[in-house]
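As written, the chain order gives the labels A, B, C and D, with residue 1 at the start of each chain.
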């Protein structure tokens, strides 16, 4: 089973060999490193840029305007905050030009906490991203979705942001989620596509003959079906919420976990259907809680489904703090943990209108 | 064409501006005049309430017309990409744009082909001619130009990017130089700075540590030149040389053109005529009369004709439909890939 | 009566003469223009910076770290989006250094639509600003509040963002809201402190002897008392909401308009009290509606006051569009207008639980 | 000290590095050794699981120690402000910092005086000495340094800002030069680039269009020099000269020091010893032995002593309390103005 980072690499390989991707670039994205998380190892078109995020985003926009299909990486989303103006431009060019120019670029960037990354390797980007109109925003929670969403991102004629939950990048998928064409033995896969330690100058990947698999942008996935409470989440918090739900099942609380996968456009029909079924909803994400994307979902749910609700909707999100501290206790207190999710689900389930 | 006071690191041989043939002079002059008359009409529209804001390029015609004539116009990487700024109407006209379209954008009517009534005057966009949308945020075009230039490393086209003097203080100007001059990965980009010695109300003096902005290119091994952008013949010669260099060498060139700002910054500062600035159109007229290429009477006739044409056109534009409220929701996401269609 | 922009100028004058402000700077902030909205005309310490927003914010942070009290301007908030990383730094320096360094700077910037500013002179900044922890965010709706909030911002030991609703900058205050020490005749005031048209090289302002007046950061103001519906708003939408409420009074709908004035920290006790009274709440602001600060308020209201609500809370905000178009019809369709606010209030008032 | 290949616009007279007095050599060497031993201890802590991440400056001691010795240490505008980067432990030690505090930050204990267990190793902050917090985002310190330097235009202190080679591609590096060299408003800022020829895995070659990064300063009229940062005597001499220039002339200086990266980028790349890089400590030891200032035995003894001291200290730090969860909510807003207290 491919890990998420391997799945992304395989998708980029399909991109550059079959879908017209000409440039995959960013800081340390090319040889010898192939990305700080190994996402771009061995790719033909991967190259190292200067240390300049504005140049990276600008280059991506320019390549896209020239009709190419660039995939750019910002090494950590923590370092994308000096490029918001350019991201806004990428998002508004089609609209501002009255439909004259579209901008078919992909921007990938690792997000979130969970690796003891301290203040500048723990940022989330989902709330900020959803505030930039004209972008499609996706965030996978498992290798298969990562693969299929990346392929969809590449062929989409619009700018697509691909948020990589960094705490999940090295986790393997389920055996049932084998990518089409992926070797069944994960050791074999690793020996084919993971660069060796040490000198890599002579190394070349041997790519398995993986096939296309598109996860449509805008479609959510029921990560765990349930009837009593709905959890709306994405990325790193999906397995966390599923684990919480599984544990709560022993207490007789049957929780549905919806993995949004796409943050914009998001899957409103699926959200509404789940809320209509459970009448109780919890939004979970890691971004800071003031002016948070989960608050958007709650606002819309309240506006459209008020009388379906048997309990006030809840948000479990990152604390409104200037940073996520390095020490364990600080990080744990700053972003959602399984126990906090369980408590919130329990309270929602117990709540009688 | 005068080179900058300090020596260039890779000196370009810049000869005295050759006289252009009478025919070329006439072509350039005619476009300069048309562009000037267009700007005057746009200002009049603003003053008469037929538009909310004016910004444009009166004072840059002598440079911007040759630019429009000399680029390789077309679509895709084998033609030149243009990342212009908001004073580029003369370049558009020289490339063959219909001046009425500029009036349409001024009046923000639905038929405005550049932005469907969404953007300010001077914010052009012509995909058929590789003119990428002019942006309001200053200097971002220099970061974006890297991308089109990269796409052109093995193509026939080059990338042209243009902006003002004050804007070079933004990091994006440096970004363009850093990325365009990477050893072994140089980019075919012509960086143009149109230096009118002002950013809105702030004079050049006191904001810049170098003598000429283009000096900044030298450390990067970028070819540089400073020219009199009020002289269409000097501009034509310099641009021709710079474009040929970028096209043939596939390396960057930084060209600084000293120009005028004849109507101040924009309508926000009144858009009135500024004294003490060289008027390139008037100066070129004198030269053409002196060389007996045109007479004052012919000049007056032309100006009158163009002025009347645009006055008529403005009347017509006034009757065109405004965008509907619902149209604000059009063009959020593209359904198909326009830019990649036949690249 | 001073206009809002005159009130800001007077506050900055007090700042530089009595509160230790040493540098007021930004693009075109110094002579001869004194700011594109005239906010800094005639000030002793105002100077023109290079055209470089990153340098402006960086300079402000550095001056603050050196113990000074800088006031920096970004000419339009539309041009602040390449500085978010620096704004985040200003907001996290105190926290990251464990209380070692505070950053006493003020950043002022005009925001919002209403002047036919097209795509890049119509942006709002409130949602983005509230996503930057460590900042205090204020936004006045009238000259007196502008004056008092600016003085509070200057003396605050933390970074304070002063959002200037550009559509209101030239509106005069109410006679009852004279600033302390302000001449009663507004023509007289203008003749003293407004720079003349044309050549200004010899001009010097004659400052009235205005006195200090501090509007505490974090305190809201009831702009219009009412009992049936609560409107939570700020800046340009305050007079709009008051006008809507006044018109609706004729229909028998008594609306309370709370002018938040401070977006962070915001006045939760006052909000809660008003919602408890009216049981119906509408948030109004101009920023785009997905991941919007009004959604935060609604989330908190739902979380803490669910059973006080007799109707689903509503948001009237900017459309989730890549830009605000120049043509009248486009701008009107993109940001809240009085009629839309009236409709929402009417629906809330009519709603029976 | 070798000057860059291209002429500086305002040449600095840079003499061959003078031999420093034996006493000064010993002082510098001792601090270099202490700094090296500290980095080794930090790496050991990381490898033993006593910390989540290491980044630091083994290979920069010959430059960073003289810097720490030569700045005017203190609080407020009449002393020097330091905007350092994450490889600056040796500068801190030379200024008198307790190495145990670096261990505390490594172990993210509550007693970490730099960040209270919040930030990565090497992210120093000492308000008493004008050491502003080291930032993780690369290069922003160059934009912030403008502000402290501006506050010092009439003061005795200067501003020192330091960063790596790759980071100069960010616009902030250009911003610093633009703002520091404005004619008539020059700023007293010493810009330092510690060039180790890498940004993480990306080599210098292929990313830069100039020969030396400091060449970029020349167009701005900024004094520049390139020095061998592996030579403590050359570094001392160059820094002394540069600091004196900035302090006396109240103008910017751009100093590029060629240094080594002895343990790779950080713990993320293994933090193992890198071959083929000059080890400035070993090289200086040879010089000191040759000049009979120290013997190998004395050196070994010192190293052993410092190593043992820090091993003990690390054991102690391991017992110190971690921050409490609630403490995450401390220090969001300041109640009083610390930075302005007695300025």
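Keep this in mind: a residue touches a chain if its C-beta (ideal position, glycine included) is under 8 Å from a C-beta of that chain, and two chains touch if they have at least 3 such contacts.
Computed from a prediction, not measured in an experiment: that's the story for all the values here.
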Chain located farthest away, centre of chain A as origin (C-alpha): B
Chain pair, C-D or A-D, that carries the greater number of C-beta contacts: C-D
Separation of mean Cα positions, chain B and chain A [Å, integer]: 41
Cα-centroid distance, chain B relative to chain C, in whole angstrom: 37
Multi-chain contact sites of chain C, meaning residues that touch two or more partners: 49-50, 52, 54-55, 79, 82, 85-86, 94-96, 119, 133-134, 321-323
Shared interface positions of chain D, touching two or more other chains: 115-116, 118-119, 137, 169-172, 175, 178, 182, 206-208, 332
Parts of chain A lying in touch with chain C, wherever the complex brings them together: 54, 79, 81-86, 88, 91-92, 94-96, 119, 127-128, 130-131, 133-134, 264, 288-296, 298-299, 302-303, 306, 311-315, 320-323
Residues of chain A touching chain D in the complex: 27-28, 30, 32-33, 36, 48-55, 78-79, 82, 116-121, 319, 321-323, 325-330, 332-334
Complex interface listing, chain C residues touching chain D: 20, 22-23, 49-50, 52, 54-55, 57-70, 85-86, 89, 93-104, 133-134, 136, 157-158
Chain D residues touching chain A - in the complex, by the definition given at the top: 52-53, 108-110, 115-120, 136-139, 166-167, 169-171, 199-202, 206-208, 268, 322-329, 332
Parts of chain D lying in touch with chain B, wherever the complex brings them together: 6, 9, 169-175, 177-178, 180-186, 205-210, 215-222
